[in-house]
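For reference, the structure I am asking about is given below.
Note that the chains take the letters A, B, C, D, E and F in the order they are written out, and that residue 1 is the start of every chain.
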Amino acid sequence: MALTRVKGRNPRELRPVTIERHYLKYAEGSVLISMGDTRVICSATVEEKVPPFLRNSGRGWITAEYALLPRSTQERTVREATRGRISGRTQEIQRLIGRALRSVVDTAILGERTIWLDCDVLQADGGTRTAAITGSFVALADALAGLVAAGTIPRLPLQDFLAAVSVGLVNGELLLDLDFEEDSHASVDMNVVMTGSGQLVEIQGTAEKQPFSREEMAAMLDLAGEGIASLIAIQRQVLGPLADQVGTGHE
Amino acid sequence: MALTRVKGRNPRELRPVTIERHYLKYAEGSVLISMGDTRVICSATVEEKVPPFLRNSGRGWITAEYALLPRSTQERTVREATRGRISGRTQEIQRLIGRALRSVVDTAILGERTIWLDCDVLQADGGTRTAAITGSFVALADALAGLVAAGTIPRLPLQDFLAAVSVGLVNGELLLDLDFEEDSHASVDMNVVMTGSGQLVEIQGTAEKQPFSREEMAAMLDLAGEGIASLIAIQRQVLGPLADQVGTGHE
Amino acid sequence: MALTRVKGRNPRELRPVTIERHYLKYAEGSVLISMGDTRVICSATVEEKVPPFLRNSGRGWITAEYALLPRSTQERTVREATRGRISGRTQEIQRLIGRALRSVVDTAILGERTIWLDCDVLQADGGTRTAAITGSFVALADALAGLVAAGTIPRLPLQDFLAAVSVGLVNGELLLDLDFEEDSHASVDMNVVMTGSGQLVEIQGTAEKQPFSREEMAAMLDLAGEGIASLIAIQRQVLGPLADQVGTGHE
Amino acid sequence: MALTRVKGRNPRELRPVTIERHYLKYAEGSVLISMGDTRVICSATVEEKVPPFLRNSGRGWITAEYALLPRSTQERTVREATRGRISGRTQEIQRLIGRALRSVVDTAILGERTIWLDCDVLQADGGTRTAAITGSFVALADALAGLVAAGTIPRLPLQDFLAAVSVGLVNGELLLDLDFEEDSHASVDMNVVMTGSGQLVEIQGTAEKQPFSREEMAAMLDLAGEGIASLIAIQRQVLGPLADQVGTGHE
Amino acid sequence: MALTRVKGRNPRELRPVTIERHYLKYAEGSVLISMGDTRVICSATVEEKVPPFLRNSGRGWITAEYALLPRSTQERTVREATRGRISGRTQEIQRLIGRALRSVVDTAILGERTIWLDCDVLQADGGTRTAAITGSFVALADALAGLVAAGTIPRLPLQDFLAAVSVGLVNGELLLDLDFEEDSHASVDMNVVMTGSGQLVEIQGTAEKQPFSREEMAAMLDLAGEGIASLIAIQRQVLGPLADQVGTGHE
Amino acid sequence: MALTRVKGRNPRELRPVTIERHYLKYAEGSVLISMGDTRVICSATVEEKVPPFLRNSGRGWITAEYALLPRSTQERTVREATRGRISGRTQEIQRLIGRALRSVVDTAILGERTIWLDCDVLQADGGTRTAAITGSFVALADALAGLVAAGTIPRLPLQDFLAAVSVGLVNGELLLDLDFEEDSHASVDMNVVMTGSGQLVEIQGTAEKQPFSREEMAAMLDLAGEGIASLIAIQRQVLGPLADQVGTGHE
């Protein structure tokens, strides 16, 4: 039996997406991204140093941190600061976000500085990690544009657009951009990160309930590609003229 | 030389205050409070148990947690989860918030349940702890009203309104509701928590640079009283009809 | 320029694989698996309880822990016990191992007990997480067979074989089962977990240096499938008669 | 009904106070202070460096640590070292002690060095934090006098005397210097830190059970002032000739 | 060249020893023991439960904790609570103290309760662990006598006296009860715990600088035996009539 | 009644001992030592720096870490990394191993570098700490020989052989090299570390159940001496020609 999506959403449709740019006063870049009821603040901070393994390399670094506000979730989530340690889930997500954004930055143009991407989830209704990646791209673009404007770096070190979305199999049906309820019934859950040119950056597919076939995987990738194209169109629109500088900085 | 306040604010004037009620979807009560550029999400969560020392007492508990988002501050603040421990400043603030709100709750009416108040600072431009108290009162009222509506408790266990504000001496001048810049130049900094009937609940005065006299203290308290009265007027307005049930639940 | 593999290995060839069964005296199941110079001890422990979220569900749980011995690596790796916290990489790997093995266990047959899979890497020359999954399957089979032999559970709750392997793109060439040196030069790195019937359980593909196309992904999956089929043949041989009971326990 | 104080003590009377100077062999300054059954060892240690934020400032730092011995309390208190973290209460107290003592030190005369004040409570019968402040002043004076004697600093950088005491409202009656039993019945509890010239340095008033009026607050401050004057008289006597150098070092 | 001991002490002589009984108001047993400048507070706390491995065994438990006050040492020692973890040295010492005292307690008479021995070092001039054992015996005797007096247990469960002392080889000379200075020059350091009947309970000998012979070991044991006999004579005197009940409780 | 040892072992007999040299590919020295069913991997790592207290001393350092694999034990042992802290037992053992090995190294010849000895127990059937010492000696010799071969240090800085063994009293009988079962029934347990010339380096004797006499101690030491002589014969054989360089490097 097919599942009826909230508010009559089509299986191949994204939830309503908004990206509010310049959301925070102090950060070098920041957005509030909403995908349906999922809301994430993404901020970008420039730090004038790099981790030890990059010192004297001439290259920069992009890293991410991710956290849930306690009442972003249906049941209150205990703060990781209170438990004194960061969960495996959180670490997995922040490693994913950092790795994904790094893939479209020319770190030699960035030079020996680090961009910190902080993704704080105000409300978690599924797809927080993919929303965090899509939103962080815009915050990152603003932070990097600030470095260009200040003359610190010669040009925007973004080689391409980047966005992410989830797809899944729920009751045998292929769905785009799963909300929390859908995700908890999915037999397969896949997060896909792609560039503006449609290349893959990261794919993480997990059989939550039963293994899946090569054919199902291909169909999920097709659908993810459509969703990501839509998200990148929104990023372009939000960034306005800055969008045109993305991908022009290749050496 | 007298200090000129941002945007021509009068020394005895609050910054613009807004309290956005029902800010989060899942929490039993929640607000986004803004005082100037200081913005804090306050959420209230109901938990059906109490700490060990209250078991079988018939009484409830109010507790608070407080955190800064990394880019709420001018320089990025390292997450306490990352450092693995909660700073002294944070613990002091969350103990203050919990203690203050507890003072206006009739915990026998509440019964053996805990209300968690989570105060997450999106932007920190001075006065985050007092904004957290003022905002938490509204979130708490909504969470308690929900318990009344569900028939879980017989009536609203709020004995009075409660709000907080900072006052200080800056370059010899008495100022209400200090922003970050003013606070960092204050010779005396005082946080005051008062009820709707003008009684004191908490007073914390600290000579940051030089000791202060009894007369200066009295003047600071007068000014704090004015500010708190204004804040409580805003709480009343935001709460609408619910405001009338505050203070009627005395046994 | 094509890379010459160590010892003239073919790009589509696994390293020499051995699985030494019953490696530890006390564990309910244990192996030492070697894939080339990568050596991992996998042990399976039966515990007669389940995590809180499964209590009274009638279902069991499979969980994994993973660690590097300090001198499994070229440079000595600081113990996580000494640092007092488990790294993001370790948590990601142990979540992956547990999730993968869980996918072929009928946890209703297992009943309310937990199998702990401990994967301790003696020597790390690439592919430790995939070796850990392949080896853990055998240790798990022995631990489960022990429960059947003791009459604790009615039949072997393994629904299918399971193994894992890495594939990657190195200097534009597709390679199976990357060693450490190859892995550090890979532009794309993919870990694949599959069942005996060739279904996908987990796929994690990461563009380390540059994004990859849908075609490259398909080719990598083909190659991974071949490698996994070879690994499962080895598991079958090592398990002997016990292999025949795998997949026969469906309800 | 009025409360009868232990040993017929007058409501406006301190408990018996003794300050045993030079209590520890190795510390640069140390006392054992007793206020009734409350006993605290205060030691002062000179360290030839300052925290990062004061480097190259020419200014010194005063900081404090506080701990309860496990059997200082009626029930054994678990060590914070065993729990692996410092409680909110402890952090609040050690921040208070450090801030209070800092207020009477001319840190430019002290130069770039830190004085550590360690306050270890042997027996806790109420008022440990105020006893710690009063005792630390004497230990600090000795440590600073040692620096003057060694020619390390030109003169005693103490600008004034400093002591602290608690006051409270218990069953409607105003009491000075509450013991543990009185404190646990107090409706208002206030800790006051004052200088030799009667100026306020810190005031922390908390309504434990019910809010208090401005008039009650004024009466509590009057009583605290009397108690602090008595404590400073004892400090003067204990310090002997050194007392005359306090407050003479202003620039 | 022979070393001249402080204050003309003979190589085979203890430092002046005092044991101040009933040192703390709240503890069930407590002493301040001084051996020369080494001073340790030992307190005994009765807890009406045992660790999990003794539940339903009918037997009690003796455990110990040990800590240095920050300025017990020549250089200030950082608190273990501040570092967030207990050092190897501390753990080794507290395990030794607990094990030693346990050896003379008939835990079946004690019944299912735990005695906590807290050893807090006020001043550390060598031999703190042996002083802690010798002092803890007296605190333990008082706590156990309290249980007898209250009718909780039938008779004193102490099977024998117990004390400890250090011996060492310094510049080739055999010394009893080393102070800090002597200890830091010792080539061999040995801690010995013995009963009133001269039996060995624990011996820990370490070649700090060079290995030692069987003959040297025998001579060190002889000297330790003399010192321990003197310490037990002091324990007997301090305990007065209670001393006569030690060793009479055998079943 | 005398205890019958496993496999008819004589009370004064070691279990079968094997030392497999060069067990790990990357470590500068490594062995797998087996004593009966006890199996420990010992690896030696050279690090070109020393702890702070040795900087500019011209001297090197030897330190050790020790861990149990989770299923080295009959019941699964929780990882210390998971618990977030290292147990007292582990710290005691690693301090013992480091101290013991240090006693035969001329740290001036070693120069300002550290040798890390990692002892990871694959299987724990009693005597893991003594096996770790005996095995570490061989791993250390190989690592040091590597430094000589590379011309980094002028000659082998090993002053003597070193091995360790346990002895104990079980049911009144003196036993050498206790296995887990014997150890858990021992009334006295003693670990002894000796050099090739029969000198004592460390002796740790503990009365687990009842105190022991001087005569019993002498007998235990005699037996330990015999066992250690046998172990050193095996070390000599395993090391081959390298054995002849031990003890020739005295200055």
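As a convention for this text, a contact is a pair of C-beta atoms (placed from the backbone, for glycine too) under 8 Å apart; a residue touches a chain by one contact, two chains touch by 3 or more.
Fair warning: this is a prediction, and the values are worked out from it, not measured in the lab.
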Any chain in contact with chain C as well as chain D: none
Furthest chain, CA centroid comparison against chain E: A
Over-half contact-pair match to D-E, picked out of the listed pairs A-C, C-F or E-F: C-F
Separation of mean Cα positions, chain B and chain A [Å, integer]: 34
Separation of mean Cα positions, chain E and chain B [Å, integer]: 52
Between chain B and chain D, centroid-to-centroid distance (C-alpha), Å: 29
Sites on chain B at which at least two other chains make contact: 84-86
Successive chains around the closed ring, taking chain C as origin and chain F next: C, F, E, D, B, A
Of chain C, residues touching chain A in the complex: 85-89, 91-92, 94-95, 99, 103, 160, 194-195, 197, 199-207, 210-214, 217-218, 221
Residues of chain F that touch chain C when the two form their complex: 24-27, 30, 37, 41, 43, 45, 47, 65, 67, 69-74, 76, 79-82, 84-86, 116, 118, 120, 122-123, 125
